[in-house]
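Going by the order they are written in, the chains are A, B, C, D and E; count residues from 1 in each one.
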């Protein structure tokens, strides 16, 4: 059997861990896995899927960039009898057989709620927060929306200062984060919606010497983030289980191939990593 | 050629000035030209001859001064304006498009067209045929009118520029050193051409450093010096020695512009 | 000037051929030059004069043929090789860098330097001073050696190219139509220059369409026609009429190249 | 150079095709070949227009952004209930207007094209981002609009047909009309063309109108094919387009352009992308292999055709 | 044009600075200004080298990829225990080698620089990806290596000092040496320089060695500053660098270059980015406003200085 995995890019650890999880599961099942990297170009994903359809692969796993734009390709695959499983980004009313992953809006709400509770408990219920986002990323926008909703619902006195665009690139995020801090000397907390943004945020807090008075919240652990958690100024990081997602997707395809039924939504839970539970993730960054 | 006393001018330029940064290239210069007249415009290098003629062809916009064509005041803001008044010029730097072929350069801006389904396509066959005829008339040897001009020899390039300007029924033809790169037979052809067009009533301005040519085709000579008019002579009233002295600005012995036998050339 | 019978040649080119696509630009051409000799190289437009001289200056690599300099066979794969044999050339298309200033163009490839802390910096003051002196020697009026050459007049540009080639003690100096754009006094200066350098033993190849100039400075004339040698004459054995006929390839009446008084020019 | 280059890229294209036919079974099948032309329709259309721009010695970096803006606006206006023919006309006009504005600054105000269109790239994608808020906007799959991107006609995908028509028209305009002549002339010596009495500024502005309109057409096709408008569409598209044009033999310095070369250049890029996927190349190696193939092949061709191209 | 442009960009720079000083309190403070120079050190260093490349009439699209490769390899080699001075030397040599390879194809094999460096862009970032496997590789915060990116010396950040030294050297080389002369000459008329007996091919190759080495230096600084090497570093960096150079008044057609202009161009880009964040501009408007400011300001300056630049 040959399965194809169409991913977004390979410059974030997240996607590579999906690839690894999927590869392990495919090896275990004795299947061949081919991976295509769209390099952030939405239409390249359609191109690749169409190519795989003409080649008649046995199943496609898709990490979509443009969740609406991939629908025609998914439909074409379905027509050709090739099952498609979406990972990470759900396809609205899509023809994919299943979705594996995290509900980003929901997880955004979770970390938002965690944040609001933290502000209530440790900052007397008032905080000013700056955001480092990636405007061109659909799921990161969802993470921000969920976060904002939960914060608003919490009723704490939290002011949203500026949102800056890190463009999902570390050095851009770093420069933007530094300028964000200069612009808002009274900022007390930071929220980074993805891995490059978090790396940029962590470096910026260090370089501006603000480790004493800014608390960082964000997504996707890295070594620097772990060190920040140890030092106490990185408070909480949402850690997904991308390898688990990749593995689950391949296993679902294998099951389908054998004629078994699968769930339409396969949830892979996230963990909010804090000082308490950071030790179990330390091993990833050696 | 018309009577010189006649007051109908084809071209009258008065008070033309042009300054480039620190250099006053043209300083209150005048020029007039009658129908069918051939005017020789001479002067030292950098005297402003090219700049003055570019003003008349619309390629340079002067800081001050007026131009009249056939008694009507005109104001040229681009070469297209001058072309529509039938002023054509052979530029000293030739102004050819290196990557366009010979025929294309000759017809640049005036390509013949034919309509196919109402769409005006280039009539390439006609362009090449007419270009070939034109080159033959000027006695120019170019193997193929489809060659790109970038690889032609200096004289071949100059011939193309001349062919272009002369072929479209100008009423004023300005030639800025047209024969500089030409061999002896081609020079003769250009001088013949000037005589022929002026006989048809075309007014010609000839800029050249080959002073002996002036005496073969010109009716009148105008001398410039450092951006100013310094002298004007009817051809009958002057000689090479006189013109040399006017150009240099002092008494000057130019062996290269003297009568040949003084140079030890056997007749 | 050396004895013509003498067998020591400064330059001997034999069997030079060069083909461009369909055109055989040079076809088994030879050329020889003695120390201190001035050779006039003439021919119709497109005859191959420029191409032949570019072969000697290293700018064109021939398909066949050998070059000897002072009896030694050389093979030039770039102009740098020819320059190191002291062959200098004034190119017909001048080859100036438009955005570099006058002094910079004159010294291109040979900028004087001075060491500051061991680092060789350009000696700009010396460049400008020497450039100024060189221009004055050639009688060229250029306001400022710091001007970019793109805005200079045709004659000024040509003067710079000449100044560059002549100033670095060449042993062979090739001038491809050096006087085409020059005014009368500047032409005299260039002819004087040729006489002066040849008296110092420099061999000169002069390509020109101003045939009267040949008789003022040349020792010998070589005529090319459609890429081939067709004739060679010692200057004493020929006349303008003869040369014209050789260039054109048949009996030809060139009024522009005839003795001046025949043209009605008053002495 | 143009002619030598066309031969060179043609041979290169054939070699690449043969290579992939050998390695993978699926490559040389009708569905796959039709896939390739359908996928590369936007690239072909914009590259044809970009050939004009680059031949004048200019550049247009904003085409990817225009594509994104048009894709999102098509989706938005369709969602708002505008009839689809109106949407198409409005979007093409929008493209022309964007091109006219950029062309005005370049041709009449003489600001370097690189700066103007780089500013355009930033502003136009910014507007697309602002409109969508970073989300992607769906187009109803039932809308006749999607025909443009998905339907087949006479056994050929509609986008490929559109590209074919655009290419034929572009070829004729480039080689057989005054406008095309002046485009080449401006790239070779703009002052000479001006002195010949041609309105060079208008001609220059026109090429930017062409490229932006072509980008708009590409945006429409993309939105129709994907059934969605996303402000992410066409990221890096400008480099891909310019690469196709330059690979085809058009000189970035202007004056030498070839539309046949551009088509071959664009198809070569598309075929390499397609072939490497079919050959199951690891994604880690794909960029390395793509770059190396292009470089080595161009290099070999330059070596083989050096004599033909320009000998000293 | 170069001179008129330098005045133009200088005025523009001052206006932008005054504007942001007026709108925001934080802009005109020492820490913020030092932040700006520190942030823009990689841009300044690479833009200085790119000025040479563009002045020869070339282009180097691979600088962002070289930066990423060096950043990741620095992190990898440091992790492997190599001493930091060795790492720095090895990385600079690697940059020079990459430049020499690209320069060889451009100068000696005469393949258009755009194609060579675009292939380089793809291959080199591909290698960086392959090495990291997409992971971002940390640099120990305690390593003396990080000094290069983070330390201060005499009250000035070290990256800014490095940039200053590079700029002064580049200025002298560009304006006061034979090499700089030939760089300008090659852009104006390469054949004329060749005929003057200069080895134009070597000179051309050298400018690509310069630009790749500068990109390597920028990669080292970035890795030291971020404390991590990531293969997605420097995405789109090439366009930013070229924009700074062109904004400064260097012509993409070659022959006209100015290092002072480049510095002003780079700082202008950096100041606009910084100032808009300080002015609390919504990120959705940032690209729109950035592009508009640049275009309008350049336009005003072209209008005001048109006479000085070139009159017909």
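By our rule, contacts are C-beta pairs under 8 Å (C-beta built on N, C-alpha and C of every residue); 3 or more make two chains touch, one makes a residue touch a chain.
By chain, UniProt protein names: B, C = ABC transporter ATP-binding protein; D, E = ABC transporter permease.
Predicted model, so just to flag it, every value in this text is computed and none were measured.
Taking the mean Cα position of each chain as its centre, A sits at the greatest distance from chain C. For the criterion of most C-beta pairs in contact, the winning chain pair is B-C. Comparing the CA-atom centres of all chains against that of chain B, the greatest distance is found for A.
In terms of their C-alpha centroids, the spacing between chain C and chain D (ABC transporter permease) amounts to 49 Å. Centres computed as Cα averages put chain A at a distance of 73 Å from chain B. Averaged Cα coordinates give chain A a centre that lies 32 Å from the centre of chain E (ABC transporter permease). For chain B, the set of residues that touch two or more other chains comprises 20, 59. Among the residues of chain A, those in touch with two or more other chains are 10, 135. Of all residues in chain E (ABC transporter permease), those that touch two or more other chains are 129, 133, 284, 286. Interface residues of chain E (ABC transporter permease) facing chain C in the complex, by the touch rule stated above, are 172, 176-178, 181, 184-185, 187-189, 191-199, 255-256. Residues 57, 59, 61, 105, 109-112, 114-116, 118-123, 125-127, 129-130, 133, 239, 242-243, 246-247, 251-253, 284-288, 290-292, 294-295, 298-299, 302-303, 306 of chain E (ABC transporter permease) are the ones that touch chain D (ABC transporter permease) when the two sit in their complex. Note for the complex: chain B touches chain C at residues 20, 22-23, 42-47, 50, 92-93, 140-144, 151-156, 159, 177, 180-188, 191, 209-213, 215-216, 239-240, 244, 247-248, 252, 254-261, 263-267.
Interface of chain B with chain D (ABC transporter permease) (complex): residues 57, 59, 78-80, 82-84, 89, 91, 95-100, 104, 108-111, 113, 119-122, 124.
Those residues of chain E (ABC transporter permease) that touch chain A in the shared complex are 24, 26, 31-32, 35, 39, 42, 129, 133-136, 138, 141, 150, 222, 225-228, 230-236, 273-274, 277-284, 286.
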